[in-house]
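Right after this note come the structures.
Below are two complexes that have chain A in common, paired first with chain B and then with chain C.
And then the complex of A and B:
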C-alpha cells in the first residue's frame, strides 16, 4: 500500500515579487468569476518613511488545514478533507450554497461563486497534481515563492525547502486550524487571509444547526422517499412515451 | 476608486457560457458589417464558463509554441479543449520561460478571446478619428492599400510612405516590404526605448545587446532596471535566485519599486544623475587601482585618457550631485571591484530617460570593462546572444534608395545606427513637411499615438496624412485613425518565422484556427507584396512553406518541429573573443565619438532640472502590462490594481492640500491630464510617477477606453543628440487638485 501523502504549500514571502502571475494562472485554470479569486498576494504597502522603506508581499490561499473548520461547518458533507492526501475539497453536487463554510473559515479563503452559487476556494489544482504537474500558481511562480508538495516525501520540493529552516504556520493562540501552509518567514501581514480571525457564528448559523439542518435532512429524506415511490410506480406502470419539447 | 470600471463591466456578462461567448464573438464581427454608418461598436462578451470543482479542467491536446505578450518570447505549452484554448503554461524546455510565465503570459488566452478583437478587414467610412468603419473583404482592403501605395509612390516617390513596426518575429518580412517598396522611412520603438544602451555598448564593446549572465554573480548594480516589474521571465527569475543566495543588489531608482523592495540597498538617486554615480565608481576603481590590470592592458584602448578625465569625478563630487552619501559611493566602488569577476553593473534596457542617458550607458559599459569583463578568455560576462543562421527564401536585391530619411539619420544624427532610427523625428517631420512631406503611414503591431511623446501632436500628424493603414488584433489608439485595418491572427492562432536562442530553434505555431477572418502577418505581407508587383520578395507559398525553407539546411522536418516545439543545431564554440569595434578592443576612449565631435570618454553632462514648483515626471513599467498593448485584456485588468495612480510624496501632497485618492491635474508644457493620486513615501519628494499605457482614447476598446490617464499627453519630445533616444524623464510637471 502506498504511503499516504501529506500535501502542503510552502511559501517564501521573501521571494514574492508581487507580479500576480499566480492570480492570473489561477483565474485562467479555473475560470473563476471576475472579482472572485481563490488566491491572494497580500501587501500592506511600503512601510517606513522615505528613504527607509520596506515592503513585503505575502501569497496566500486555502491552507488545506488539518483541522478544517469549514468541514465542520458544512451541513451536507460537500466540503471534505481527502483521506489520501489531506486536500480540502468541495463536492459541488452536494453543496447547497448555504455559505456556512465561507463564514467558518478564519482565513476568508472561501467565497460563494457567483456563477455557480456554490462554495469555492483553492483546490490545490488536484487534477494537475494527479497528472504530475504543480498547481497553476506554483508552476508559474517566477520568484519561486509558492511551492507545493508532499511533506511525507523527503525529496519533494517542499521537504527540501523547509529543511533546516524555521517555518511559521498562520495561527494565533485563539485560532489554530493547523494550516498546511508553511511560511518561511513570519506571516506578519495584517490580512485576514494570512492571519486567522475567527468570526462570531451568525445567528442564522446557530439556528441552522439547531432547527434548519434537521428539517433539511427530513425534507431530503422525504424527497428521496417520494422519488423512490414515484420510480417504483413508474416501473410498475412500464415504459411511457416521452415527448420532445 | 477607478477599479470600479474594471470590476463592473465584466460582471455584467458573467452569465455567458464559453459557448455563448464564441457565438458572441462571431456576432460581434457581424455587428461591424451591419453597423455600416454607425459608430464602430463591437459586441461585448466575456469568456466565461465554469469548471466543475471535482473533475478539474481537462485538455484534449497540447501545443508547444511561443508567447508574444511581450518581446521576451517565453516557451508556452497551450492546453486545448473542444477547440478552445483552456490554459497556457510555461515550457520548462525553453530558456526564456524556464517553466514559468508572468501575469501577461498567463493572460494570453484573453488576448485571443478579447471581445474587442477586430476579426474582419475594416475600412474607414467617417471622418478620420470618428471611429466609423465598415467591414470589407480581404481582396477589397488589400487592393485598396496597394492602389494607395502605388499612387503615393508614383506621385511623390516611395519615400513619402512611412513604415513602422515594433519588435516581432515577422518584422523581417515587414522590412522586406518597405525595402522592396523603396522607402527609407522606418520607425521602430527603439529610440523610445534602448537607443542609448545599444549605441553605448556598440561603441564600447562592439556588442549591441549585451547578454546578462547571473551564474555565481554576487554583486549587481541595477541602474533603474526594475526587473521585478519590467519582467523578462528568465532574467527576473535568475535575479531572484541570486538574491535568495545572498547576492548584494544595489538599486538606483528615484522610486521604491518592487525590485527596490528586494534589493540589498535602495538608493533614491536624483533623476538624471546616474552618470555621476558611475563616473565616481570609475574614479575610485582607477584611482585606487582596483581594476583588472590584465584585462585593461590586453583588451582595452584609451585607459590613460579615461584616467585623466575621471580624476575630477570624486565620490564627494558625485555625492553632491546624486544625493547619495559620499561614503556610500566609495564603499560600493570597493565592494563592486572586490566582488569581481562575480559582479556587474546592469546596462539597463529602456534607457530613454535624459539627454545624457547615452553617457550614462557609456559609463556603465566602461565600468564593467574595468573590473574585467572576461574572467577567463572566451568566457565573457557580456556577449551577444548567438543565433543560428536559418534558411531564407530567395529574393532579388532591394532597389537603391537615395532619399533622405525623415528621422534625421544620419544627416542630423550621424552616430545613430540606421537600424535604430529616431522615431519621434518622423512624427515631427510629418508636421513640418521637412525635408519633404510624408503622405502615407503603414504601421504593423504598433501604437505610436500612445508610445511617442505628445499624443496631441502625433494625432495632428496623422490627420495630415493622405493614407494610413494598420495591422493589429484590436482597434488600438493608432488604428482608430487608420483608413484600413487589417486583422492579424494572434500569436496563438498563427505561424511566425522561427526564433533561435543560442543553438536551439523554436517555433511559434497555431494552437487554434484564427478567429473570424484574421490572418497571419506572413500571409498579409505576401499578399500585399504580390499586389504591389513585389512578389519576388515573398517567395513562399504559405506560412508552413516559409518555415520549411527556414529549416531546409537542417536535419529536421516541420512535423517533428511542431511536435517538439524546437530543434537543436550544432554551433561551433567560439572561444576567441574579438571585440567588434574599430580598434578590435574595448574602447574606453572612442575615436568614433571623437571624430563625430563628441567627447571620446564618458564625461559628466548635467541634465536639466525642474524649475521650482514642478516635478520630474517618471515613467516605468508595471508587471501586469506590456507597453500600450495589453490594457484591454480582461485577465490583466483584474490584477492591475494600484498601477494607474500618480505617485506623489506626502510632503509634496501636503503642500498642495492633496490627499490620497484625490483627483489631480498634471500639467506639462504640452498638455494636461487628470488622474487619481497615490500619496506614498515610495518616491522622492521632487518626483511624480505615472505608469505608461493607460488612458486609451479608442472607443473600440471596451475596457481600456478612458481607463486611467496617458503620460503621452504630457510627455515633451526631447531627443538625445548622440543616440537619438527620447528623453522620457525630462518632462517637468505641476500637480494640483482637479
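And then the complex of A and C:
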C-alpha cells in the first residue's frame, strides 16, 4: 500500500467573509437536525477602536486530532481514529449515544444528534474524500478559506498552502490534542472550538473506573482463587466413592 | 456434613431413595440461562474495549470482533440474544412455568433462623475452622444458596434493565442521557458480581465431591435420599411427610372405593398434591 495519508484542514481566517455557505453545504450533505451543526464560523465581533477596527471570522469543525480524547473516552471503540488517513470517525451502528465522547472533547466539537440518538460531528465528508472529492464545506467555500487534503502529499493543496507560512494550531496550555486543523492566521475567537477547555469526566465514568472496575476485578479474582484453592485441596485429598452421597 | 451418625444400613436405605429436587421447568430454564451466559458473557466482554477499560485483553476484542465481522454486528447480536434471554426467562417465570416458579421462590428463597445460623458456621468450615460445630438443618436450599438467589434475581433484573436502555438508546432523549451513561457501569458491575458468584456456583455445583448429586440433579431432577438427608434435612423431612400424607390419602381412597355403599369419598380431607403445592 502506498504511504499513509495524513488528512488536515488548512483554514485561513483572513479569507473568511462569514458567508456561512459552508454551514449550509454541511447541513445539506448530512441532514443535521435544526439547532445542531457539525461546523461553525466564530467571531468575537469588531475589535479595536474606531477607525482601527478589525473583525476575524474563524471557521472551525472537529479537528480530527492526532491525540483524540474522544476516542480515549469511548468504551467500545465506536468512535475511532482511522488508521489509514487519521480521520476521527463514528461507527453509527455501534454507537449507543452515551455521550462520553461528547463530554471528553475539549473543543465541544461533538453533540448527540437528536434524531439518531448517536454521537455526531464532522466526519470530513469521508465518503466524498474517498471518491476524490473535497468535503462539502471546502468544496463550497468561495473565498478559499477552508482547504482540506493530505499533508503527506507534497503536491496537495494543503501542503502547498502551508509551504513557507506560519501555522497556528488551536491549542492552549491546558489542552494540546495535536489538532489537525492548521490556521494560516491566528484564529482569534474565544469560542471553545478554537480555545479548547478540558471538562471533568462524568460521574458515571469516574464511578466505572474508580469503583466498578476494581470491584469486579477483585470479586472475580477472589472467586476464581477461592474455587482454585478448594479444587487443589480436593485433588490432594482424593475422593471416597463410598463416603459421599 | 459427615458428622451424622448413620448406620451403614441407614445410609444404604437412604441412598436407595429418590427425591425430585428440580422439575423440568427449572431444569430447562437453568440450562437456557447457562447457555445464554456462555454466549453473552464472551461477546459482552468483547464489546468493552480492553484499552479503555482494562478487564479483558485487547486480543479478545480483536478476535471476537473479527468473528462477528466488526463491532456493530457484535453489539447487535449481543443485544438480540440478550432480549431473547430476557424474554425466555420472564416468560418461564411469570407465564409458562408460573405454577413452578412462584411457589418455588416462596419456599426456596425466604431466609429463616436456621439459614442465618448456617451462614455463621458453614463459611468458616470451608476454611477448616469450626469443624465440630453441628450445622442447623437446611431446607431445599441452604442459607448460602438462598442469599445467592437474591444476587441472581437483582443482578438479572439490573442487567436486563440496563441492557434494554442501551439497546433502545435512540428512544432516550438527551435530557435523560445519564440513564445510558449509568447503564454501562451498572451493567458491567452486575455482570461482574454475578460472574464471581457463577464461578463459585459452578465449582460447588459441578466439581465439589460433596455436592455431586446437585450437579446430576440439574439434568435428571433427582437426588438420592442420603444427599437430601445430609444436606437438606428439613426439605427431606417435609418431602417424606408429604409422601406419607399422599400415601395415606391414596390408601383411604382405595378403601372407600372398595365399600361403594357409603359416600365416604366426599368427606375425605383435601390432600396436598406434592407435584404442585409448595413446588417441592
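Throughout what follows, the second predicted complex is superposed on the first by the 205 of 245 C-alpha atoms of A that agree within 3 Å, B and C clash if a C-alpha of one lies under 4 Å from a C-alpha of the other, contacts with A are read in each partner's own complex, and residues count from 1 in each chain.
In this section, a residue touches a chain if its C-beta (ideal position, glycine included) is under 8 Å from a C-beta of that chain, and two chains touch if they have at least 3 such contacts.
Owing to the predicted nature of the structure, the values given are computational and were not obtained by experimental measurement.
Trainee: Taking the superposition on A as described, I'd like to know which of chain B and chain C A:20 touches: first, second, both or neither.
Mentor: The answer is first: A:20 touches chain B but not chain C.
Trainee: Should A:148 be classified as contacting the first partner (chain B), the second (chain C), both, or neither?
Mentor: neither
Trainee: On the A-aligned overlay, A:30 touches which partner chain: chain B = first, chain C = second, or both, or neither?
Mentor: first
Trainee: Can A:114 be said to touch chain B (first), chain C (second), both, or neither?
Mentor: In the superposition, A:114 contacts both chain B and chain C.
Trainee: Using the superposition on chain A described above, determine whether A:48 touches chain B (first), chain C (second), both, or neither.
Mentor: After superposition on chain A, A:48 lies in contact with chain B alone.
Trainee: After lining up the shared chain so the two structures overlap, which partner does A:75 touch, if you call chain B first and chain C second: first, second, both or neither?
Mentor: second
Trainee: Look at A:91 in the shared chain and tell me whether it touches chain B only, chain C only, both, or neither; answer first, second, both or neither.
Mentor: The answer is both, since A:91 touches chain B and chain C.
Trainee: Do chain B and chain C touch any of the same residues on chain A, and if so, which?
Mentor: Looking at chain A, the two contact sets intersect at 91, 114, 116, 118.
Trainee: Taking the complex as given, what residues does chain A use to touch chain C?
Mentor: Against chain C, chain A makes touches at 72-78, 91, 93-94, 96-100, 112, 114, 116-118, 202, 204-205, 207-209, 211-213, 215-217, 219-220, 222-224, 226-227, 230-231, 234, 239, 243-245.
Trainee: Considering only the defined contacts, which chain B positions touch chain A in the complex?
Mentor: Spelled out, the residues of chain B in touch with chain A are 7, 10-11, 14-15, 46, 48-58, 86-90, 99-103, 105-107, 109-110, 228-229, 231, 233, 236-237, 240-241, 244, 256, 258-262, 266, 268, 623-624, 634-636, 638-639, 649, 680-685.
Trainee: Residue numbers of chain C touching chain A in their complex, please.
Mentor: 2, 15, 47-49, 51-55, 61, 70-72, 75-76, 126, 166, 169-174, 177-178, 180-182, 184-185, 188-189, 191-193, 195-197, 199-200, 202-204, 207-210, 212-213, 223-224, 226-227, 230-231
Trainee: Touching residues of chain A toward chain B in the complex: what are they?
Mentor: 12, 14-15, 17-21, 23-25, 27-31, 33-35, 45-46, 48-51, 53-57, 89-92, 113-116, 118, 120, 123, 125-128, 133, 136, 139-144
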